[in-house]
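Shared between the two complexes below is chain A, which pairs with chain B and chain C, respectively.
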Partner chain A sequence: MNFKHKYVFLFPGLFVLIGILIFPIIFVVRLSLSGWNSYNGLNFIGLENYIRLFTDDPRFWESFIRLSFLSVTTVTLQYVIGFALAHMVWKEIKFQRFFRVLFLIPMMTTPVIMTVIWRTFFHESLGPVNDLLQIFDVAPKWLTDPTLAKITVIIVEVWQWTPFMFLLLLAGLLSLPKEPFLAAAIDGASPIRKFIYVTFPLMAPISIGAIIIRLIEASKIMDTVYVLTSGGPGTSTETSSFYIFIKGLREFQMGYAASMSFTYLIIMIISLTVIAKVLTKLLLKD
Partner chain B sequence: MSKINLNKISHSYNPNDPNPTYALNPFSMVWEDGKRYAILGPSGCGKTTMLNIVSGLVRPSSGKILFDEKDVTDLKTESRNIAQVFQFPVIYSTMTVYDNLAFPLRCRNFSQEIVEERVNSVAETLNLKSFLKLPARKLTADQKQLISLGRGLVREDVAAVLMDEPLTVIDPDLKFKLRRNLKEINEKYKTTLVYVTHDQNEAMTFADNIIVMSEGEVVQTGTPKELFERPKTTFVGYFIGSPAMNLFESETSSNNSVKINDTLIKTSTDLSKLKNNKVKLGIRSEFIKIAENQKENVISVDVEKVEDLGNYKLLTAKMGNLTIKSKINRETEVSSEKVNLYIPPEKCCVYEDEKLI
Partner chain C sequence: MNLVGENLSYKLTEELQLRKISFNFEKGKLYTILGRTLSGKTTLLKTIAGLLMPDSGSMRFEDKNFLEIPVWKRNIAMVYQQFINYPHLNVFENIAFPLKQRGLDIKKINDEVFKSLKLVGLEGYEKRKIQELSGGQQQRVSVARSLVKNAKILLLDEPLVNLDYKLREQLREEFKNIFVNGLSKESIVIFSTTDPREAMELNGEVIVLDEGRVLQVGAAKEIFENPKDLKVAAISNDPPMNILKADLGSNKIKFEDIEIDIPNHLSKLTNKNFNFGIRASDIELNDNGFEFEVELAEISGSETLLHLTRGNLKIITSIEEVMDFKIRDKVKINFKSNRAYAFDEVGNLASSPFRGGNV
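Up next, the complex of A and B:
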């Protein structure tokens, strides 16, 4: 049989893959080795961009550390809160369906618009949060204090994305076999023991999946920062993606932004692989 | 350990319906302390429901369960002192084998010495001693099932260990070993063991008493011998034994004989009080022999096939439209066309409306 015609069938898929993934990556690598402006076009400058990135740009590395801190903190909080909520509505409780839907609402809203609303909430002189806090005679600078601004970003991120974690974990809980729980009841295990020795170990594989998915998503954090603080005050909430965006699309240093993007991609691939391995070891112990 | 008394128990999964359907029809039964029971029946006959009622996972729609005269109907599983082994092994995967076995005791705040002593004793019986320090998840399926069983046995106060088809996931040769193991445990600890299965061999080799169920009904309770020789209904005759009992439509012809296709067969049953002359004659293939010089109860059949099944030959023959199966000695030579079979009267069971007379 002659299978040459297989390429005809492969073409649509390959075309899309090349168009949206392979070509952009290759182009970014090429771009990162160039300066790019309307006068000179794409001029090859070797590793110059990378040398600048690794020797002369602490702002990028600071933003990367900030991003790591923000994504690990938000995902941890999302996991803990999401698990607690999922565990709550997993059991037969009153208004179970109502709560299940209620907890999903934040995820169904548009992040940018919700962030605008949160910005209004946290507005230092006009927002309702500080209005309420007036009772205690405090008026925190939610968006202009470097530390508090980070916390504000975390609050908004956790609010927006905990439902996603909740959904994955609830699906996981609902798919668990019944027998281990019956056996634990027969063995006389208390609710805490049941959670530690039955629920949590059984949920480990799905937890790892959920955490990894959220970590990937969380490290792309951009719209929240953009709308809420624009990376400020100063650079105290600036994350990698936001910094790359500033360099590339505000200052139009395309070549340099490309070199940062590519470096970022490599670091992310390595660190997420390591995190997945570590989590698997830690939670599954295999 | 205690005597378990099931008093007029029944269960329906839709009790509020005007016409509830019963997963378990009302029945009463007593399980003596320290005996081995098997609940046998086809899938969906209510075996697991019965087991779950005893363990407290299901509350019966009506009736009472008494453990040594104490009413436990409304008690939860954890306060009933019952152990249950499920079809698939349940282990605490993050713990070692030792911790798994110790878990039920630790949950009940036993002292370290008692825990150690009980765990070691049970591990010894179940041959798990060399694995005690290993993580439980590293063991094979049958060893994991032993752990589940062991968690039931470490508690001295269990009223009974209930097992829901516990050997399903286990290899055939190991099954045999484990069943023997279970018997030894029963003899050593005098624990009441209740074993649910759909495999008659398992039930017959394991239990002192077998409870046969069909469609939510307890059809017969008895020793393996009773079930084999005097099945109370045609269902039991059909369900137990391999091949199933031979059942022939027949008519009564005198006080103790029936007619099958014009051949008169004498039985040891008194048939004088029957209202109806349509009955079924049941006889195990094990009891049908090739006629030598008998004059009575001999039927002439056409041989259809003879299969050599290793330890015996299975003869399948036709008499008119009836099929007869007989287990015969391997050494016996069988004619390939016509053969005379002898039906011993004392082994005949006569059924009226599917029930033994």
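Up next, the complex of A and C:
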């Protein structure tokens, strides 16, 4: 094999990789060390952006804590509901195929459009949700109460992305060997114990993968918040990505937004690695 | 108090079904289900275990309707022909699994697990992962797991079939030991196999199963000595018994151009036409015998199997030593006619060396 041929075949992939991943990251790092505006260009200002971020911007850290809360809650709910649904259609039930497709529909719709529909649903005076709740004589402020707004975001996120979890977990369940279940029944395990001692441990590797994938995805939450509440009321549903978006693309503080993005990236890499390690320790014994 | 099944029927596919099977299994006894593949052995065991619900029929155990009890409450143990264990648990946890389901305390579980590890010869392996074990060791783990429960019904579905020759012999010996020493007198052991030798060696009560029907039930010795009909003779012998269409002459038995003297126990046969049955091991090489041509010679273990032809006659003989034959070699053989069987035209046993005369 000629030495140079390798690179010829490697080049297209490498080119794309450099173009869409490595260059942007390097550019963001460079950008974060500058104050970028229309007449100065990339003027180098050292660590000023980072100093501002770590000493003078509680809003970023608040939004980050909010993001952690939202993504952990939504992914946990998605995992529990997704596992339950997948377990339900894993067994031989009537209309199995129908349910399998039905559960996937939310994922197949466009998030922004669905969020607009949800916003209409939860509208305080015109929405059908409060219309129905009138029977009980309550009218919750779904989108304008700080706590309720968070819950609304969680509901919409869970609704939209549980199917993804469902799909991964169903694929996992279908790929499990049948034999241990035969053995477990014979060995005197009731259906509930069979789930705890056989199904769940066997599903652990797939569960970890699914949870990590969803955590990464959930941390990028942006469209739902943007359409549903625009981060409001106040900043009560503002997440990191939304805040970075505001700083960068609304206020055009590109250098500062870049420093936030890079900090965010580092924190995410570290925390997801830790979470993956902890989950592996918890769910897989070796 | 016995495990009694009546008219159990179950249809899986056209070829694989149970047809009105009845049985009466007593405690403290070993039963061997002997049958070829697709005869319904596994299906029957799964029905007893509760993994399959029969379409019709009834099953009672200890004065209870056994069919109403779900699998996990039946207190049975089962070993499958595939080595089924829990891949996510180590050897100790695998064997402890059934005890944990019962909620025994840890000390008791420990004792029981080590006792059964010792019984199957796997001491020192308790920390190993299942995937690190060889096939034979994996099967030992599942045997240990089935023994540790002290179940009232122990089902073994061809447990030795996927093991290599040496291991099979060794484990079969151990099984015999376990059945004699390791089990309580309260247990029913049901062992299924396709191998007649295995059935004979285990020396329990044999149930011959074919196409989902029970053909014959009896002690291993009885099945060997007096197979009820041609089918049983074929299933309970390996290689299958040679069956030759024969005529009864005035004082000779004739098949094709061969004539042999009528042995004593066949002298009372009344029908002129019958099926002459002789085991492969009851045909010997003899220089004064009839000449046959070797069609195929195979060496299996320490014996040689010869497939022989002479005109339209085809027979199989087994010789208790390793010999080298070439195809088309001529050999001379003699039938030990005093060990021959006679089956009537429809295939029922008419006379055997152990039961003479017209039956």
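We take it that the second predicted complex is superposed on the first by the 283 of 286 C-alpha atoms of A that agree within 3 Å, B and C clash if a C-alpha of one lies under 4 Å from a C-alpha of the other, contacts with A are read in each partner's own complex, and residues count from 1 in each chain.
In this text, a contact is a pair of C-beta atoms (placed from the backbone, for glycine too) under 8 Å apart; a residue touches a chain by one contact, two chains touch by 3 or more.
Values in this document were obtained by computation on a predicted structure and should not be read as measured data.
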Once the two structures are overlaid on chain A, check if chain B and chain C clash or fit side by side. clash
May I ask you to decide whether A:50 touches chain B, chain C, both, or neither, giving the answer as first, second, both or neither? neither
Given the touch rule stated above, what does A:188 touch, chain B (first), chain C (second), both, or neither? both
Kindly classify A:201 by the partners it touches after superposition: chain B alone (first), chain C alone (second), both, or neither? both
Is A:180 in contact with chain B, with chain C, with both, or with neither (first, second, both, neither)? both
Set of chain A residues, in rising order, touched by both chain B and chain C: 177, 179-180, 182-183, 185-190, 193, 197-198, 201-202, 286
Residue ranges of chain A touching chain C (in the complex, touch as defined): 177, 179-180, 182-191, 193-194, 197-198, 201-202, 204, 286
Which residues of chain B touch chain A in their complex? 55, 57, 76-78, 82-84, 86-88, 90, 92-95, 103-104, 107-108, 135, 137, 148, 151-152
Using the touch rule from the top, collect the residues of chain A that touch chain B in their complex. 177, 179-180, 182-183, 185-190, 193, 197-198, 201-202, 285-286
How about chain C: which of its residues touch chain A in the complex? 49-51, 71-73, 75-78, 80, 82, 84-89, 97-98, 100-102, 129, 142, 145, 149
